[in-house]
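In what comes next, chain A is part of two complexes: it sits with chain B in the first one and with chain C in the second one.
Coming up: the complex of A and B.
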């Protein structure tokens, strides 16, 4: 076999190797991409769960972070019972439209001896407003009772 | 002669490629399985949180029902106490003889439940009932400690 034939064989092999490698690499990259997407989604969901928990604790049981409660009350005064809070991509409260937003709806129902507040929270992501996590909870607030006759 | 020694060896690139593709596939699969496990754990935690809030909402409903019954319960006669107990929601599983302490349970999932205690404190004239409620998350499964010490007996 002379040198030029050997060179040709090598180039043909290289070409086949590159072709096969690019097909395999494309498949593997899809795997990596999907893994990254899954990791991002699970991180987003974890943060959304924490965000909802914080909001619930803050609003219903009067947590230490009064910022949220004040923001909700301010928006409730302005917009009625529902309000929206914006969070940036690091899940910090933002004053303007940002990466995530928490839709906070409250329903007050009068009971015989008190008031039942139902809170529905939805965490939406991105401009498409895709729901990341939502939860409904409630708390009963008894009225101060007068002495029965 | 020298040219033949330095010549291009066919097959080396194929071997290298096989090695690289194997590595890539292994890392890709490892990364995917790790991300999938993480995602499943997050999903499980989120579902548990949903179940917890659903149970908590039910527990608050029970407290609201108890409070409604308490507001109707004005005196201390046996008949009124019986009516008060009869009007309680079915989730209430225990009432003390004088109706001063009520216990209830709301299941969260197969392993946990919300255990609630409502303590009624009658005011001076027994006509103005006040109460305190306390809810906590408890495990429904009994803890079995392993007391077997697998040591050399000599």
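Coming up: the complex of A and C.
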């Protein structure tokens, strides 16, 4: 085998290696991209949970009016409220439409010795309104609390 | 002469492909390392915020009504949790959230506590609604706050 044929064989081998490497690199980069996206989603979800906890604590402190005061869009219904609170990308409350928003809904149902309030909270992200975190929960309020309010 | 030139060109082509391969390998390693570093920093910041806020919030919730208050001890703002003659202090000192348990409030000095978590900043205050507001600032990234209503431990049932 002469020198030129050896070189050609090596050249073809190198090209094949490069091709294989490109395929592996594309896969690896996709993997990095996906893991980065998952990390961002994880952070987003943690912040969304904090946001929901804060809304819940606001509701416990000042009732529906405390939530409605800060809402950009609000609707008082016969058996509860429905409102939207907006947050910027750093999860600071915003007075206009922004990166994230919390949809807060309550439904009151009368019971013998008080009322049962069902609260639904959805945290949505971006213009696509993709759900980041969602929870439906409820609390029973005896009549004494109603009287106190 | 022509054969010699061809051999040189062939050798150069092989070297070029080898060079491209090496550069791409290096690029991939550098990009991977940067991506991993960014990911780790982001996850650490998230963990720092979540762990610190939830730790303090859970302490307050478990303390029961009326046994948690914001106070100042030895020149440091502390969250005082009292339980059967013991005082548990949670405070931010020297870049860390610290916790100290003392029998007598006068025994407390900021250095006696155990460091729980390293944070860039951590603050506690009572807002106009009467809620305890905890704000945690991780080493990198945005700060986060958690508000606690005066009556804790009476959360929602799912």
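Some observations on this one:
Here is the rule we use: the second predicted complex is superposed on the first by the 101 of 149 C-alpha atoms of A that agree within 3 Å, B and C clash if a C-alpha of one lies under 4 Å from a C-alpha of the other, contacts with A are read in each partner's own complex, and residues count from 1 in each chain.
Everything below uses one rule, namely that a residue touches a chain if its C-beta (ideal position, glycine included) is under 8 Å from a C-beta of that chain, and two chains touch if they have at least 3 such contacts.
Note that the coordinates shown come from a computational prediction; the quantities given were computed from them, not determined experimentally.
Contacts of A:112 after superposition: chain B is touched, whereas chain C is not reached. Using the contact criterion defined above for the overlaid structures, shared-chain residue A:28 touches chain B and also reaches chain C. Residue contacts after overlaying the shared chain place A:41 against chain B, while chain C stays out of touching range. Of the two partner chains placed by the overlay, only chain C lies in contact with A:15; chain B stays clear of it.
Once chain A of one complex is fitted onto chain A of the other, the partner contacts of A:53 extend to both chain B and chain C. Of the two partner chains, neither chain B nor chain C is touched by A:97. Judged by the document's definition of touching, chain A residues 3, 7, 10, 14, 17, 21, 25, 28, 32, 35-36, 39, 42-43, 46, 53, 56, 135-140 lie at the interface with chain B and also at the interface with chain C.
Touching chain A in their complex are the following residues of chain B: 3, 7-8, 10-11, 13-14, 17, 20-21, 24-25, 27-29, 31-32, 34-36, 38-39, 41-43, 45-46, 49-50, 53-54, 56-57, 60-61, 63-64, 67-68, 70-72, 74, 123, 125, 127-131. The residues of chain C lying in touch with chain A in their complex are 3, 6-7, 10-11, 13-14, 17-18, 20-21, 24-25, 28, 31-32, 35-36, 38-39, 42-43, 45-46, 49-50, 53, 57, 129-131, 142-151, 154-158. Against chain B, the residues of chain A that register as touching in their complex are 3, 6-7, 9-10, 13-14, 17, 20-21, 24-25, 28, 31-32, 34-36, 38-39, 41-43, 45-46, 49, 52-53, 56, 111-114, 116, 118, 133, 135-140, 142, 145-149. Against chain C, in their complex, chain A makes its touches with residues 3-4, 7-8, 10-11, 14-15, 17-18, 21-22, 25, 28-29, 32, 35-36, 39-40, 42-43, 46-47, 50, 53-54, 56-58, 60-62, 66, 90-91, 119, 135-140.
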